[in-house]
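The next block holds one structure in the form of structure tokens; read it before the comments.
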């Protein structure tokens, strides 16, 4: 086998696992997806059949024990991430892991320490950094098209809430949804957050409140470089998946709009209108998932730094925990308190 | 009375006459509207009362005979234009006249000849040249932002047809509606038309066809400088007044959109939409009517060339007649044939 | 004189006074502007000449003492508002007063009390409520086009800072600039604010910081009805006057864009682009200034409630003071603390 | 081998052949690309290596003689299409052929006759019908969102001209470029053209004129159902690939815009702007190429009518020849003349 092909095993064949399987099997020539594991053996077998993966198993350790496998893609439930990361690192496998690493900092720190001592590559699945719109914002900053960042407003709204059962284990809105926006804020401002303040509430379904979550939240962040960001989340955007940012810089501004399936504008006696935006993250961000995995494969094959590293995995969890604490204690939280 | 104030008489107090009265009375400090005439004496009196005009009359000759009046604004029916123009010119009054000068070329040429020998100012009411959007297109050409003009597409559609009674005396779509677009094509291309070709039909109301008119027409023009233009007209744009142009130049392109009462975009479970554009020409072009009259007043007071002259009044009539002939004879018409 | 014409005196002939004079003199038939006062007598005389106001004076008390005057429009410096309001009310004049009423609550409360006991009309100059864009947002709520308000984001940025001398007496960004946005938040959410949190800084000119002001600020508001708002202000928007809102409701969303002098889009080898938005508030909000004054005149003539009352004048000052305190004390401020 | 997989051979491994190879090999699970032929053997081999095609040859007859091959995709030069189509049909292969079928009607008619008697599927490569924007226009008509079609304006401009050598064999602008727009006009109006009129010229490079072609053309079409269409083409759109349509219907209108790599809007002291549209057809229409081939594969496998048939292949050639004749003879051409 050529040195230019990365041999990969997939751990977890749920929705996001299938997405990565499709990309690894069909769209990334430099990768070869050889094994898939899922505690649900049927899911593993179906994934294997669909994407012509030679070997399916219920037991992810079979992947870690296979010396042919160079890298693993971890898409198992969040509460297993830290453990699987450590075992994979100890087995010498390079690791791509879905976000978040874990829901608490000690677990993250322990996993990161094991990865560091193993010396393997470790990339976190913050795919939005690879989306053409967000990259264009970052590029505007790098090219000095708008000067230094000053005010960032992130809008990130889902068309509907996940099942309650998911919310019970996800850590809630700040950890399962806004975590992407915390990552995006760090990515675009390119500085670390010093203070977090939250206002939030249950505006749609009291059942969400009964399990301790909110469905609507606005968070303000102050960065070390002076920039200020707001993030607004809703789990109930009736018009669909709303994913936009606006960034004011010292000499200009940039904003990005949603993505649409077509550009058609229809005019009649009632209104001038267009169809709703792409409905959810699998459609909206599909290209970015492919690009992040391509980047991971390249990083391993050519021994380059991964584009989203362990610190990028840890920091948004800190911010999510701080945002939640701010809501609970009704005061701004200094990030120093969280360390 | 200061030499800086132009003393004006208004002939015709219908819809467009009232509009000019409002501007002359309230918004053009350099003009003083002293008299108004209308064959309908009641209309004249109401206009006078509404805009505090000192003198109202049924007889426009009273205006022409008044030595205090320096200029007249002719808003009487089209079939009276040529005669009133000549009388006004012979009385030494400067003239602003609504378009078209007349529906036939001999009448136009005779009126223009009298105006020329009288040496008075003579401006035609092609107001759209003063609209901010169209001026921006012209400016783009003058500033060389898009290079030399190559392809011009004019969309000009009304929200509904005028009364049949109007169409019977208006000369039909080419003379009452597309005449504005012929003027605009000349204004933007800044060259003369050499050839005209028309396709048109009655697509909505057979009654329009029975009086010899069409409700939908597309005309193609070839200009002396090589540029090609299309004009499309409909009397039945269900979504409102649609007034746009697109111009391709040798090094760029410019397009203008409609004007809207507000910029609001509403998103819900059905669509992303906005309200319809400004409904008709009085709203859409209000500012341009004020600017054209201000320009006329300035031209007279400071003895400068008028911005829309007799040739600008004649040429679109030639084009309208040629477009109609092209439709009737199903062949392209050379403008040389029309002279 | 007809009972349908309101006889008005203008107090203060600076920039905003001239604007109101123009509207009262030329565009509001139901008003007659009879007197103008300014401590700078030359300014009063020039204003009188320009708008044909019969009487100009250095002494505003001449206006208050004139029994023919029914209403006054107060455009004098902010620190004189409270005093002039009281004197005018005691003289039985109806009052239109520019915002803010005063920079401190005791002055406001005293002025409001005098007005109340005098029983005169009292309208505050929050003109943006009359702007077509903001009205459309309010209308969307009233028509239930987007459901109940949940998240409001207000962007309000100036193209450049005022002179330092102005800032020294204006009360700073929260009182001279964001006060409009506090009013807008109340107008659109139609509920009262319960909590305020601020992050802000000096990002451009240290001189602004030396006089105790900021040039960039983001404020978060929680309303009694549960809605959350953010306001972001900058005194240095390089691309011009940026005045937008986005409102998420329970069943939809609405956003408004800036206003532009034209709709032209130019495409060339470099970019697809349009001209900058209308540059500053006199252009952007001109129509709203006319409409607010028309509404005031109508309220007095027909004895109807004014559309922006004393509570609408007081509440934004409370919010501005709270926002400043939040910045100084780095904590959220409950509005209960401010009363 | 499963009956659900179509075994395909590719004839021609140039630019468009490579595109189809990529789709057939990697993105259409129901197809298996087994052979590739190109007179340039090196090109065939490179294509085979890149997309893991088992067999490459200089001789396309090897494909036709292989009984395992069920269908061929013809991407050879236009002047070979008619001959290869006939041979493939006689060999019993289903056929996907790039447009145009041929540059003259006798060749087309002969090829179509052979296909008909062989009873094989025959699809023409008018990919734009599969583009999401154009499909949405068609859908608006089918759903009666805008009523009956009345005026269609097609803008279709290339960022730069092809090499002169290509133009010498392509048939010129009407056959190599506007042919797509003739197809689109028929697809959207869903009626046949009765009359064609052309104005065109050489506005950029005299060399194009010396070989008998034009670089800028505007064509007007009248359809049997009364609708009127204009098509404007330029080989020199400085701002990139411009592919738009606007359609006025009896109760509404629809327009589609270009596609862009991102939605970012950048504002600074100069302008409000965005990046140029996707640069050329391989990027702009990539998805549509995949969808047309998927549709072909499905048509063969499930014995359904092809979505773009032989009449769809012939009619645009008739229109292109008529448009050229109209230009040469400076008169409208009835389609009856062309039969």
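The first chain written gets the first letter, and so on, giving A, B, C and D; residue counts start at 1 in each chain.
We take it that contacts are C-beta pairs under 8 Å (C-beta built on N, C-alpha and C of every residue); 3 or more make two chains touch, one makes a residue touch a chain.
All values derive from a computational prediction rather than experimental measurement.
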Problem set entry | Number of steps on the shortest touching-chain route linking subunit B and subunit D | 1
Exercise. Among the chains, which one keeps its Cα centre farthest from the Cα centre of subunit A?
Worked result: B
Exercise. When the contact pairs of A-D are compared by residue number, which of B-D, C-D or B-C has over half in common?
Worked result: B-C
Exercise. Out of A-C and A-B, which chain pair has the most contact pairs?
Worked result: A-C
Seminar exercise, completed: Taking each chain's centre as the mean of its CA atoms, subunit A sits from subunit B at a distance in Å of 59
For this session: Determine the centre-to-centre distance between subunit B and subunit C, using the mean Cα coordinates as centres, and give it in whole Å.
Result: 40
Problem set entry | Between subunit A and subunit C, centroid-to-centroid distance (C-alpha), Å | 43
Exercise. Could you say which residues in subunit D touch two or more other chains, in rising order?
Worked result: 238-239, 251-253, 267-269, 275
Problem set entry | Contact footprint of subunit A on subunit B as seen in their complex | 238-240, 267-277
For this session: Spell out the part of subunit B that touches subunit C in their complex, as residue ranges.
Result: 26-27, 132-133, 135-137, 140, 145-146, 251-259, 261-269, 275
Exercise. Given the complex with subunit B, which residues does subunit D contribute to the contact?
Worked result: 147-148, 150-151, 153, 155, 157, 195, 197, 199-201, 203-204, 216, 218, 220, 222, 226, 228, 230, 232, 234, 236-239, 242, 246, 248, 250-253, 330-332
